[in-house]
Structures are given as structure tokens and as C-alpha cells.
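One chain, subunit A, appears in both complexes that follow, with subunit B as partner in the first and subunit C in the second.
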Partner chain A sequence: MKSAFTYERAGSPAEAVALLAKHGPDAMIWAGGTDMTLQWQQEKVSPTVCIDIRDISELDYIEIDNSGIRIGAMASLASLERSADRHHILTMLSDITKLMATPQTRTLATVGGNLCNASPAADLSPAFVALDATVKIFSALGARKVSMLDFFKGVNKTEVGPAELLEEVFIPLPDDGDVQASYKRIDRTVVDIALVNGSAAVTVGSDGVISKVGLGLGAVAPIILNAPDASAALEGLKLSDVTREKLAKVAAIAAKHAKPITDVRASAGYRQDMVEIMLRRSLEDSISKHGGTL
Partner chain B sequence: MGKQDKTLKVIGKGLHVKDAVEKVTGTIRYGVDYEVQNMAHGCIVRCPHAHARITNIDSSKAEALPGFIGILTHEDVPQNDWESAWFNYRGKVLDGIGRFVGDDMAAVAATTPEIARKAAELIEIEYELLPAVFNMEKARLPDAPQIRDEGNERDPYGVSWGNVPAGEAASDHTVECDIFYESQQYAPLGRNACIAEWTGDRVNVITSSQTPSELRDGIHEALGFPLSKIRVQALPSGSSFGQWWSNNFMMISVLLAKKIRKAVKIELTNEECMATVKRRHQERTRGSMGCNKDGELTFFKFDHLIDNGGYGFKDDVGFFCVDMWGKNGHGDYQIHGINTNMVTAGCMRGVGDCTLGASVERCADQLAEQVGIDPVDFRIKNQIVAGDELRMQHSRHNLKGEVDDYIKSVPEHLRKDWPELFKLSAGGTRALLETGSEAFNWKSRWKGWATPTHSEGSVRRGIGVGTGAHVCGVEFEGASNAMVRLNPDGSAKVHAAVGRQGAGAETTQAMVVAEELGLTLDQVEIETGDTDSCPWNHGSLASSTMYRTGWASREAARDVKNQLLAIAAHEFFDSVDPSELDVEDGEVVHGDPGKHNQRIPFSDVLNELRSDSLGQTSSITGSPRVPMPPSTTFARQFGAQFAEVEVDIETGQIKLLDFICVQDSGTVVNPQVLKNQVIGAAICGTGFAIYEHMIFDENTGALKNGNLLDYKLLRCADFPHTTKVIFVEDPDPVGPFGARGAGESPIAAGISAVAQAVYNATGVWVDMPMTPERVVTAIKAAHA
Partner chain C sequence: MTVLKVNGRPVEISNRGDRTLATALREDLGLIGVRVSCAEGECGSCTVLVDNKPMTSCLMLAQQAKGKEIVTIEGMANGDDLHPIQQAFIEEQGFQCGFCTPGLILSTKAFLAENPNPTADEVSVGMSGNICRCGAYPYIVKAVLKAAELMDETATA
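This part shows the complex of A and B:
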């Protein structure tokens, strides 16, 4: 039977964490509610208290400065979608949001909620991992920073503690040169969850040398994976020396990190094969966005 | 039979459906939206095992729950078998045996839905576990666990003609097939609920159903109770595709309400709708087919299995799709219905056409490739056209006996206008293929078998064509009837129990009557669900609504018109022969205005009737006065569809690029309604071809993807928005104003078109559904 819960409303991050502390571990945060409502209906979660944080408008922002892009946890997927023309990385993130659910759901759903749901098949997460993003987590003791990679602890499990609130995602931008990123997934219909996905972010310095490569592998493990050895195999190369064959090798190295399972959506073997293709295509796409010819 | 000479004023117009505003504004009420005063809420207790017998039920914990009202178990239930339309269910309402995971075992009633659900969880049932079988082949073996008293396998249903060995000997090319089809789920967007309320010894049942009369029959059988005491008020079901005919949860509602002496509503959850009601059968076709060097079919021989799950009892799919290719002189096909410990399977839109039909199409394509003929030409060469013989000559399912007996029982003078039986009366695929290939530019786009139309990187494009045929309703379970009432003000009401499943019957039936009576659509209203006011009707199934019920509605309107003209002739036209009169714009007029130039409104005629003269009633009621010819013996509908797909051969993903649907449903009654139906069918068929399948646990038979996240339905945006629908209208000699059936041929055509297009893009035949993973696996296997 679905749990009965009392309803609380927080007007600030401080109020939200105070309420969390007061009500204990069975209290749940309500941001957009799009995942949580379903989980509650399906009795996968049984909150006794629901803390509505939709009033916390101070966490609803998308800001850009020289150091990077800051996305407030309460920014909706729809506002991320609408931010496409503000930065080419936001264009790429906007394209990802268009794959997520339906316009109605994107209006309600928040970036923070999507991350805190910690689905291994989430669409934004591999891109954030590839982009080497960090998150800011708020608590009564102040804010702490965690890398996006370390943020995910398991299926529906994150680094956010019982009296903490996700505050912000920060995507660093390079001091020198530029970063280009891409995301690819296997889906079936226009509204679908990724069967497997992959993302790549490639930074090229002003000297034309690839200075940093980030990779994110989704739906092939309980958490989003990266592949530092594969990234290293590409770093230091001149953009003009990159070939399709090289990218295929990098993708193959990266795909070795995958530990996929078989479920009703796809077999482990298919996911293993496809994550490599998704990473290869993401790398090719990122290189092309840099003007690289393959 | 009907005169087609008059200019049609209503038929053929793209009029808005009658419930458009209700639907768009959300005020339409489906089964789940309805309630009656002081009703209780019911919940079904479901079997957790694949096959098990109840040894004990302990309801004490549930009884202690505040708000608990009562429980219904198999001990409360009359042990009568009831049957749903066309053997989609045959069994007792509850008999203490669970035959699949999720089967109905008992039901509880409580003051709220939440308490009812909690009470259901608290019912403790002890089971004796029985051996179970999930595989059709294994269920056929002599030592298989028996799921039903009648045994697991039905008598084979088959059709044979000519001499197959002679046909085989005359073949230059032969292909063989062994294809397995997974179950498709109806996956309607709406759920269903059933309210049962007893008043004295009469019961009123309010639920969404496409088959109100069959539902009343089912209750009658289950309870052993006079039909006169049962009223079904069928509400709109929304898209149903065969799911909401008569279902066992409706019987449970009736019995639960009786037991607790209170109105009760059982509302199914999405999960219950997907996992416990019905589904399309799993099917397997094995067979062979041959042709000569000119590409003329020489024989076919098919053996086809359908899995009925726990309570299906069906044995007869697919004669129309085989018939369509029946020009060749030698054929034999056998269907075997087999029960398994899985959720009941029954008729879903295009039953047989989507499976056996697709097998025949694939074999035909493989022969065409061997001979080197393109698929359009091969179909034109081998498919039937009007006047050709139909191979499906007999059926064992006519409640009154064989079709032949029915024909003989009709007096000869009533048969004189019938079309020639056992020959196709109208239509055929030829005109569709010719029209469609021109619109699709087929000849210049076709690059040959297994040859992509475009290749770039990992992308391959291919084109394909498919055809489908279906009957236009069946007479096996009774003749559909309709009644028309002319009101004192001259407006009319049709009573036709066809339900409202989104196919527009509430509009198109009224259009037929409006046309016949010379009224506007606005002047004709319709009752589609109340069995207390409607005569028996087969309901919206087997593509019969426009053909068989439409015929009855028109005949009933014709009867009304004849009565009206007789009174008008006597009262207003100097007792001329009524045949000299006609109706026009709500008035009675003389065929020769020079003789009588007056126009008498219907209301004036009816007012005469009210005041004295010929009768004692103030309204006129009409019914069909002649028997309908057995339409399975001559009437068919046809669809041909053309598709272009793009396949990513690395990932196996399929995109639909271009689609043209050509449809022959005889005269088009409402082009908007028909277009909607044809595109809906093409989307549903394509979904079956590339994504849709129910995944069952191999150890328990339980459904593993019973939600719309993991059961993939195509969305509108997955389908080319440029899709064109073209009608080829070959008027039917019997159907109302020349109309025929429509709902099922277009689902079959799209399936084969997409399958063939994928083959032409990749060079590999992929079994359906052609999910990305299956496409990649098939390509890898072919290159290994």
C-alpha cells in the first residue's frame, strides 16, 4: 500500500535541510516530483514526510562565466532546453533534454532531481561525467564539493547525505582552448529510456593539441563510469592527427570498463557492443565539432 | 441491394465525430470515471503461481480491517462455463484453480479502493502447486500438465483445396518457413472498471465494452440467469482493439455485488490491464509455398500454432490472409489452438493477419526474389480480385450450424439479390497496388531485392510493400441487429449496441441512417451501449461495424422510411403508391413534383400518426426485414502499404521515413474517420513489426514488461508525419451505400511492408519484433 506522508514546504536550502534533520531518513525531497511520484505510486519508496522545495527559486539558475557553467539544482529540464543559444555546451545539453521524457514532464522535472534519482541510464549524467563536472552539496555545516563521478553511489543512491541538499552542478570550461562534447544513446521510440549511452568531451588547446578527454558510460553498470586509460590514449595528440581508427581504439579501451547486465530492455552483450559504438560516435562528433577531419 | 443512384448528402463527408468536443474537453466518461451512489469498491485477489489449486482461504485478517465489506470466493460462484465472443474466454468465473500468474482467485469489497486493495493483500490463500507449461509445443505432448478439462489442444481448424502434392510437383521454386511471433499487448491508454448494481433480482452492469450484447450473454451463461434480468450499459472504451469485449472481472463484479448486497466497482490498475486480462496470441507458422518459373503460385501448405493462454479457446485465425493468395489451385492450412499457463490470449486487431498473414507474405517475397519479380508485380499476379473464388468455404463456428445450412434456411426469394457466394464480391489488392506504387513512385525507387535504396556510413535505406485482407464481420455468432426510432419531431434515434471504441461508429452509423432518412447528421442520435434498448449486436469486432451493423442500421432506417411513406401517402398524397414518394431534407416529397409539389415535414406525418389514423403509437420503430447474406462468403476489405525505412546496421535501430497507406473499404462513409483508422492501424502494425512484444518469465510465465516504459508503443512522432492515406473505392453490393469493413486489413499491410523494407535495406529477414538487438544479431549471424 502506498505510504501516507505529511507535507512540508521549504523556502530556502537552510530550511530544507533543517526539515530533513527534523524528520529523519523517511523524509523525502520533492523537487519536480516526476520520478518520485512514480516511485511512490509503485511503492518503491515510502516517505512519511514530503518536503516540497519548489519555492526555493534561488537554486533555479543557469549562469556562465569564464570559469564555467553553473546550473542550479532547481533549474528545470525545460529551462536547460531553452538555454541552447547561451553556450555551445548548453546547446549540447539542451539536445540531451529533448530526448528526456515529454515536454510536460520536462517542465516539472529538475536537473537536481534527475541527478539525485541516480538512474544508471540517466541521460545528463554521462555528459556531466565526461565534462568533468562537480556538484555542490548544501548542509547545515556549509557546502561541500564532490566530483560528478563520485556523486553516484549505486542505483538510486548518491553522495547526498540524510540532512543535505544538492545545490548546483558546475561544468568547468578550459582556460586555454575550448571543449566540445557529444552524447549518444540507443533508444527505440521518441519517448524512451536509454538502453545504453555514452558521452565524450574533448578539450583542444590553442596549440591544436588535445589537452583533456572525458568519457561517460551509462547503463552499463550501477553507476556512471569513466575511462581514464582511454582518455589518456587520446590526450596529447594533435587534433589534426586524430583518425577514425584511433577513435575506434580509444572507444574499445573505454568499453572494457563496462559491466553491463541483461534485463528486459537489452542483453549484456548488446549493451557491451553498443557502448563502444556510442563512445566512438561521441568522440567522432566532438572531434568534428572542433573542426577536426576524420 | 441498395440503390446508389441518388446523390449522397451525408455519406462520404468528413464530418466531425459526434463525441469530438467531449473527448477534447475531457468530459467524456469512460468506465473508470463512472460511479453510482453508495457503491463499494472491489479488488481482485490474484494467483501468485502459474498453476495451483486453492486448498484453504483465510480472510480473517482482511475482515479485521476497518472498512472491509465482504469476500467472493469460488465457493460462492455458480460453476457454469461462460464464453466471450469468438472463444476469447471459456471457463468458470472462479473455480479455485489458478491457471496463470495473475489469474483471478477471489475478490474483496471495501468502503474505499485503498482498503479493498489492502484487504486483498491480507487474504491468505494456501495452494497446492500444480505442474505448469508455458511452451505451446510442450503443452501438446501427451504427458503435458493439463490446464483445462477439455485438454490443452483444440481440434484443428483447416481449409484445403486442390491437391497439394500435385502443386508441389509443379513448382519450380519452393520456400519453407518456421517463424515464431511474440505476443502483442492491446496496451490501450485507458484502463477499465466495472460497476455492478442489483435491484431486486435484476442486475445493471456499467463498464467500457465493445460488445455489450456479448457481455450480457456472458453474464447470462455465468450466472445461469434470464437475459431479461441483465442490463449492460456499455460506456466508451477508448482504443480497445479487442481487449474490452467481455472479461472475467466483469463477471466477478456482478457476483461480488450480489454477495455483498451492494453496488460495487472494480477498477483495474494499468498493471492488471496489461498482465491479467488478455493479449494477442504467441504464434508459430511452419510451412512451405511454391511457384513456377513465371512466378505463379503453385501450392501452399501451412501449419500454424496459436497459444490461447489459460482461458482462450480459439482455433481459427487467418483464413482471410491466406484466401487473399488463393488463386493457386492447391492449398492446405491447419490451425491449432493450444492452452498454456500464461495470461489468456484472444483476438486483437488483425488476428491472424499480423502473424500467419505475415508468414505468407514473407514466403511470397522469398519466392518473388527467387523468380526475380518485384513484390508489387508478384502480388498483382497472385492475389485475388473481385469474382475470384474464396477458399474459405465453411466454418464450424456458426451457432446455427454450417454456413451452407444457413444459406439453405433462407427462402429463395429472399436470396435472389444476394451476390454470388464463395466468390469475392468487390475490391481486391490490384487497384491498391497500382495506385499505391504510382503514388510512392515505386518503379523508380525499387532497386531490386535485398538492395538498399541508399547507403551511407552505417545507414541503409530500403523500401517495402505489404498487403492485408480481412473479413467484414462474421455471421457465426449471430446476425447483428439495429433499431431506428423516428421521434415525433422528425429526429431519429439509432439503437445499435456496437460500443464506442474510438473508431467513430457513433458517428458513421448515424450517418448511414441520416442518409437513408434524408436527415442531417445532427438530427440523428445513437445509443451504442444499453442492452435494454438495443437489439442483439455482435459489437465492434471482426471489422463488422460498418458492414454488418451498418447494413442493419440502414435496413432499419429503410423500414422506418417505408412506414413513414405509407402514412404520408395515405394522409397527404391522395393515397398514391408509397413507392412514388421519397424523403428529402426531413420532408416527404413526391418523385414527380409536377403531380404533387407539396413537401410534408416528418413531424407533420408523425403528428397525424399521433392523432389517429393508421396506428396507436406516436413514433415509428424500424428493424431489418430481410436476412443479411452471409458476408464471410464474399466480402473482404483490403489494404496495401508502402514504406521506406532507414536501418543503422551497427546499432540495429530502425527509423521510418516514408509511408503510404492505400485502403479499399468500399464506399468511404467518413473519410476523416477512415483515415484516422487506417493510420492508427499502420502505426499499430509497425509497432508490432519493430518493438512491441510481451516478455514472459520463462519459469513462471509472469509478464516482465507490464508497463509502457518497457513495453514500447510507437508514438505519433515515431511515424512519418507525411504519411498519406489513399482510398480506392469499389462499392460493395451489400454493405450500406457500398461500404465494407476497415479496421483490420491496414494493420497487416504495414507489418509486411516494414519487414520487407528492412530486408531490402539489410539483406536479412529479421523475426518480429525487429528490435535493435535482434536486427544486429540477425545481421551478425548472416555475415558469420
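This part shows the complex of A and C:
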């Protein structure tokens, strides 16, 4: 049977963590609540208290400065979608949100909620990992920072502790040159989660040399994976020397990190083959966005 | 009891936490124009406007709507005068069985508020969160375009 629960509304991060501390482990945070309400209805979670953080407007922002892009945890997927013209990385993230749910659900759903749900097939997570994002986690003791890669601990498990709240995602922008990123996925139909996905972020310095490569592999392990050895194989090359063959090799190295399973959605072998292609296409797309010819 | 503002009027619903907005609107308030079909936020039948934004009321808790303005299909007409969007759906026959129509009309209201003069392609994307199982999509697109036209006339009249 679905659990019965009471409702509390927090007006600030401090209030939210105080309510979590007060009510204990069966109190659960509702951000947009689109995953939580569903999981409660499906009896996957049985909260006794709902702590609604929807009204914490101080965490609803998307800000850009020279150091990077800050996305407040309570920014909705709809506001991320509408931020496309503010920065080319936001254009790319906006395109990702259009693959997620429906317009009505995107007005409810939040970026922070999507990350805290920690689905291995989540759409934003591989891009954030590729972009080397960090998250800020709030607690009564202050804020701490964790890399996006270390944030995910397992299916529906994150680094956020029992009396903590995800506050912000920070995407660093390079001091020199520019970063371009891309995300590709395979889905069965619209309004579907990815069977497998991949993302790449490539930074090219003002000298035309690739200074940093980030990769994110999704739905091929309980958490989002990166591939430092594959990244290193591309770093240091001149943009003008990059070829399709080189990118295919990098994608093949990266795909070796995948540990896919077979489930009702896809077989392990299919996921293994496709993640390589998703990464190759993401890399090709990122290089093309830099003006590189392949 | 919890007080919500629905269709311009303050109304009382149960203050239980564990109920969706769709359930409260239907069962406490008898607003059965809120249709629940998939109950998973995919089909858009249960779409209502919350502070003018379209939201799937099956994925929202009733208590989350406290202090917000909610509009359901019952709040669209002004007495006996249909809203131009309702009129347009009738004129263009933008439905067959009508089950998904309330959600479509509310999505149309939010969509046209953001894009008052859309192209047919923009309508298709804008309405992508509402599934019509009868497949009346070509007529729905015509109805939304007609609604834009009627609302433009009303605005300039």
C-alpha cells in the first residue's frame, strides 16, 4: 500500500535540512516531485513526511560569469530549456531538456531533482560529467563541493547525506579558449529514457590545441562513468590534426570502461556497441562545433 | 483544511499530504474535467495551469499547490461565453472522444501565452506533452492555429 505522509514546506535550505534532521530517515525531499510522486505511487519509496522545497526561490537561478555557469538546484527543466540563447553550453543543455519528459512535466521537474534521483540513464548527468561540473551540497555545517563524477554512488544513490541538500551545479568555463560539448542517446520512443547515452566536452585553447577532453557514459553502469585514458589520447592534439579515425579510436578506448547489463530495455552487447558510437558522435559533434573539419 | 485558489475562487481541500493535486481537484472539488489517464506524467490529460504554467497534476501533490493560482477546464469559459480556445476546438473539431481535450486546451492556453502566432510545426512541438489516443492530431493543430487567430481578433477588437 502507498504510504501515508504529512507535508512540510521549507522556505530556505537551512529550513529544509532542519526539517530533515527533525523528521529522520523517512522524511523525503520533494523538489519538483515528478520522480518522487511517481515512486511513492508505485510504492518504491514510503515516506512518512514530504519536505517540499519548491518554494526555495533562492536556489532557482542560472547565472553565467567568466569562471563558469551556475545552475541552482531548483531551476526547472523548463527554465534550463529557455536559457538556450544565453551561452552555447546552455544551448546544448537546453537541447537535452527537450528530450526529457513533456513540456508540462518540465515545468515541474528541477535540475537538482533530476540529479538526486540518480538514474544511470539520466540525460543531463553524462553531459555534466563530461563538462567536469562540480556540485555544492548544503548542510547546517556549511557547504561542501563534490565533483559530478563522485556525486553518483549507485542507482538512486548520491553523495547527498541524510541532513544535506543539493544546492548548485557549477560548470567551469576555460580561462583560455573555449569548450564545446555534445550529447547523444538512443531511445525507443519519445518520452522515454535512454537505452544508452554518451557525452563529450572538448576544450580548445587559443593556440588551437585541445587542452581538455571530458567524457560521460550513461546507462552502462550503476553510475555515470568517465574515461580519463580516452580523454588523454586526444588531449595535446591540434584541432586541425583531428581525424574521424582518431575520434573513433578515442571512443573505442572510452567504451572499454562500460559495464552494461542486459535488461528488458536492451542487451548488454547492444549497449556496449552503442555507447562507443554515442561517444564517437559526441566527439565529432564537439570538434565540428569548434570549427574543426573531419 | 487547506485553502487553494482554483478558477479564481478560494476553495477548501483536505490537508492530507499524500494526495495528488489531480485527486484533490477531482474528489474534493468535483472538478472532473481534470482527466487522469496514464497517472505517470506522460499523456498530459491531467494538465492544469499553476500560476499560468502547464503542469501535470497527477505528478504534483495537492499541498504543493497551496498559495498558487490553479486553472482547470472548468475555469476557462466566462459564464456562457466559451473561451476562444474552446470555440476553436469546436470549430475545427480538434477532438474525437474528447477525453484528452481539457488537457489540450489548458496546454494551448499556456503555449499561446508564450507564442501567440505559432507555425503549425511549432504547435506540434508545443503540444507534444498531450497524447490523443484517437489520433486527432491534424485537427488539434488546426484548432490551436484557429485559437491563435481568434485570440488575436479578441485582443485587437
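Heads up, the rule we're going with is that the second predicted complex is superposed on the first by the 294 of 294 C-alpha atoms of A that agree within 3 Å, B and C clash if a C-alpha of one lies under 4 Å from a C-alpha of the other, contacts with A are read in each partner's own complex, and residues count from 1 in each chain.
One rule holds in what follows: a contact is a pair of C-beta atoms (placed from the backbone, for glycine too) under 8 Å apart; a residue touches a chain by one contact, two chains touch by 3 or more.
Predicted model only: the values in this text are computed from it and were never measured.
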item	value
Which of subunit B and subunit C A:T189 touches, first, second, both or neither	first
Partner touching more residues of subunit A, whether subunit B or subunit C	C
Which superposed partner A:A101 touches (first subunit B, second subunit C, both, neither)	second
Contacts of A:S3 with subunit B and subunit C, given as first, second, both or neither	second
Partner chain in contact with A:S67 - subunit B first, subunit C second, else both or neither	neither
Touched partner set for A:S288, first subunit B, second subunit C, both or neither	neither
Where subunit A meets both subunit C and subunit B, residue numbers	2, 190-191
Interface residues, subunit A side, partner subunit C - complex	2-7, 9, 30, 33-34, 37-38, 40-41, 49-50, 52, 54, 78, 101-105, 107-108, 190-191
Subunit C to subunit A touching residues, read off their complex	15-18, 20, 39-42, 44, 47, 53-56, 58-61, 63-64, 66, 107, 111, 126, 128-130
Contact set on subunit B toward subunit A in their complex	114, 117-118, 121, 650-651, 653, 690-691, 695, 704-705, 709-710, 712-715, 717-718, 771-773, 776-777
Contact set on subunit A toward subunit B in their complex	1-2, 186-193, 195, 264-267, 270, 273-274, 277
